[in-house]
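Right after this note come the structures.
Shared between the two complexes below is chain A, which has chain B as its partner in the first and chain C in the second.
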Partner chain A sequence: MDIVFYITAFVTVISTIMVITRHNPVHALLYLIISLLSISVIFFLLGAPFAALLEIIIYAGAIMVLFIFVIMLLNLGKETARQEKEWLKPKVWIGPAILSAILFVELFYLITIADVAPYNLQTVDPKTVAISLFRPYLIGVELAAMLLMAGVVGAAHIGQHKKMILHRFLKEEGRL
Partner chain B sequence: MKSSIEIVMLLAGLLFVLGIAGVIIRKNIIFMLLSVEVMLNASGLAFVAAGSRWAQPDGQVMFIFILAMAAAEVSIGLALILQIYHQHKSLDIDKLKEMKG
Partner chain C sequence: MSIILPYLLMIVVLLFTLTTIAAWLIWLERRMLALWQDRYGPNRAGPFGLLIVVADTIKLFFKEDWIPPFADKTIFVIAPTLIGATVLMSFVIIPYAPGILIADLSIGLLFFLAMSSLGVYSIVLGGWASNNKYSLLGALRGASQMISYEVFMGLSLMGVVMLSGSFRLTDIVLAQKGGWFIITQPVGFVIFMIAGIAETHRLPFDIPEAESELVAGFHSEYSGMKFGMFFIGEYLGITLISAMAVTLFFGGWLGPAFLPPLIWFALKTFIFILFFILLRASLPRPRYDQLMEYGWKVLLPVALLNLLITGGIVLMMNK
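Right, the complex of A and B next:
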């Protein structure tokens, strides 16, 4: 069981590194889907099958489809990949990489310094999750529903096409 | 899995750090949004791991809330990206200097 976890964690980390270093948006998206699938395997290993299914269905299914739609709509292809290659120089990424490596080493130290006893893992089945979701956390569900509706209305409002108007005196130039 | 929880927390921290690095080093807005997704995912992993440590459903409930939040955030963010691309013909964040920030 443990070796499965380590292999999956390795796949997750490698594919996430690929996501933040690829030049082509579609390649980055495909690597992100691999990362999401391997995280869902980790959820299964942790005894959370419901979260694993939601991860596959909603993240890798719905949200990634949104990204693919936008990338296809904007027609990002070889041109973007070339531009990204120009932007992503070692001078740009070496500083943030070192700083985040320092943060990660600190985190590693803080987590490994604690001496935690091993424990037996239990599966939390969907029924327990549903009972908890719709009894104590009902107000959270309602707030999430309001958030999602605000998201839909906001996306529909922002997404409508308007003519670019810089200033009322510059209207003639600004008209596309 | 008989081992302890800290290795899972370590993985979540590593993914979060990778997401932060991605937000910082990329100049294209789409890649920044992807890195934010990686960070949200890492926090969800931490919640689920903590919930499974004490065999309570609360971790998974929080993961569901994070999922709903991520869906709303992505729809708004992608609508903004489309609008920015139509107005500026570019996704370079350094070109979006209208507000002189």
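Right, the complex of A and C next:
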């Protein structure tokens, strides 16, 4: 099991790095999808199959498709790739890279000194997730629902527009 | 090794059966369409024209496998494989008969939904990588259609999950011993079928490829076996949705004892496949905005209402 975990973690890290370094936005998004998929495998390995599949359904299956959708609509061509290349100069990434390297060393140190408990393989089934969502964390669920509702109403408001109905002889304004 | 071997064998047999079925569905579809439209259909190659599939496959293999110079080559090649891979992955969780299944996941139904949501990428990436305006339009339509109908598909199945109390498909089949879920969940079934047709982008919802408007939509630029992969993927999709409808609403392998369970399963699935073909023969394609409006304004409220009523009744029965 350990070796599977390390392979998946390796894939995740590599694909995430690729997301940042690709110049073509669609290629970057594809690596992001791979990164999400491998994270879902990690969830699966850690005994949370429900979370793993929700990760695929919601992030990889819906949100990323919308990202690609928008990028397709924007029709970004070679010009954008060139621009991206210019933005990704060492001057830009060297600062964050050093800072995150420090964090990585700290993390490595913490992992090596602590006696790491082997991950517990207690599977969390959908029922457990549902019970914890609707008993102790009910308020969180309700608040999230309100936030989403506000988002939906906002989107509906922004998307609302007057529709022009044009006939050959007749011009009238109607509401969509 | 002795544990892995039967699994490997089963996977190989299943893979072989499914691809064969998908290939011969092309013949079946052409023959049935012809029958319903008072024509003969392909009847020259072999008995009843059965060998037309072999001829078609040979033709596809010998066609020039052309990658347009303006296309994004890597993605252009990857896109057709995705649809076949994701659909075939879904077959892993279907219980064909007691003991004949590959993975009895406790979250099987969610796995099916996850795989069908990943299938969108095939269309989106194929259309985008072709770098052609018709393909791009097809891809955009495909993406929005499949994302929206996924929502209703998931919601329509939750009634079944409530009644059986499990995401595991074997449990769902066994829970139908007293009566198939089509009796208690007719609304869920109708929504699932409509969403299933939209997910496999079959007629009447073949808007991503609409020949009369978009040449061939997202696969305009594809030729040879790459086009063949899209084609096979579509027929695999039909088989998958039929098999899922049988498992979830029509009692899976259950049936009177004079036939073995596997035969019952195959028979029911076959009837649904014929239903898919009949749909193609009889219904016209809706306009694009009509499709989206129908989904969000009719199917979503109905699916939610179905869920609410089912939940209420289940609670009342448990009291």
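The working rule: the second predicted complex is superposed on the first by the 147 of 176 C-alpha atoms of A that agree within 3 Å, B and C clash if a C-alpha of one lies under 4 Å from a C-alpha of the other, contacts with A are read in each partner's own complex, and residues count from 1 in each chain.
Operating definition for what follows: a contact is a pair of C-beta atoms (placed from the backbone, for glycine too) under 8 Å apart; a residue touches a chain by one contact, two chains touch by 3 or more.
The structure displayed is predicted, hence computed values, not measured ones.
K.L.:
If you stack the two complexes on chain A, which partner ends up touching A:L73: first (chain B), second (chain C), both, or neither?
P.N.:
So A:L73 meets both chain B and chain C here.
K.L.:
In the superposed arrangement, which partner chain does A:A62 touch: chain B (first), chain C (second), both, or neither?
P.N.:
Both chain B and chain C are touched by A:A62.
K.L.:
Using the touch definition from the top, say if A:L53 reaches chain B (first), chain C (second), both or neither.
P.N.:
The answer is second: A:L53 touches chain C but not chain B.
K.L.:
Residues of chain A touched: more by chain B or chain C?
P.N.:
Comparing chain B with chain C, the partner touching more chain A residues is B.
K.L.:
Could you say whether A:L30 touches chain B, chain C, both of them, or neither, answering first, second, both or neither?
P.N.:
A:L30: touches chain C, not chain B.
K.L.:
Overlap of the chain B and chain C footprints on chain A, residue-wise?
P.N.:
Comparing the two interfaces on chain A, one with chain B and one with chain C, the shared residues are 50, 54, 62, 66, 69, 73.
K.L.:
Quick one: which bits of chain A touch chain B in the complex? Just the residue numbers, please.
P.N.:
1-2, 5, 9, 12-13, 16-17, 19-20, 25, 28-29, 32, 35-36, 39, 42-43, 45-48, 50-51, 54-55, 58-59, 62-63, 66-67, 69-71, 73-74, 76, 80, 83-84, 87-88, 92-93, 96-97, 100-101, 103-104, 107-108, 111-112, 114, 116-122, 124, 128-129, 131-133, 137, 140, 144, 147-148, 150-152, 154-156, 158-159, 161, 164
K.L.:
Could you pull out which chain A residues touch chain C in their complex?
P.N.:
24, 26-27, 30, 33, 49-50, 53-54, 56-57, 60-62, 65-66, 68-69, 72-73, 123, 125-126
K.L.:
Where on chain B does chain A make contact in their complex?
P.N.:
Touching chain A from chain B are residues 1-11, 13-15, 17-22, 24-28, 30-31, 33-35, 37-38, 41, 44-45, 48-49, 51-53, 55-61, 63-65, 67-76, 78-83, 85-87, 91-92.
K.L.:
So in the complex, the part of chain C that touches chain A is made up of which residues?
P.N.:
72, 75, 105-107, 110-111, 113-114, 117-118, 120-121, 124-125, 127-128, 136, 139-140, 143-144, 146-147, 150, 154, 167
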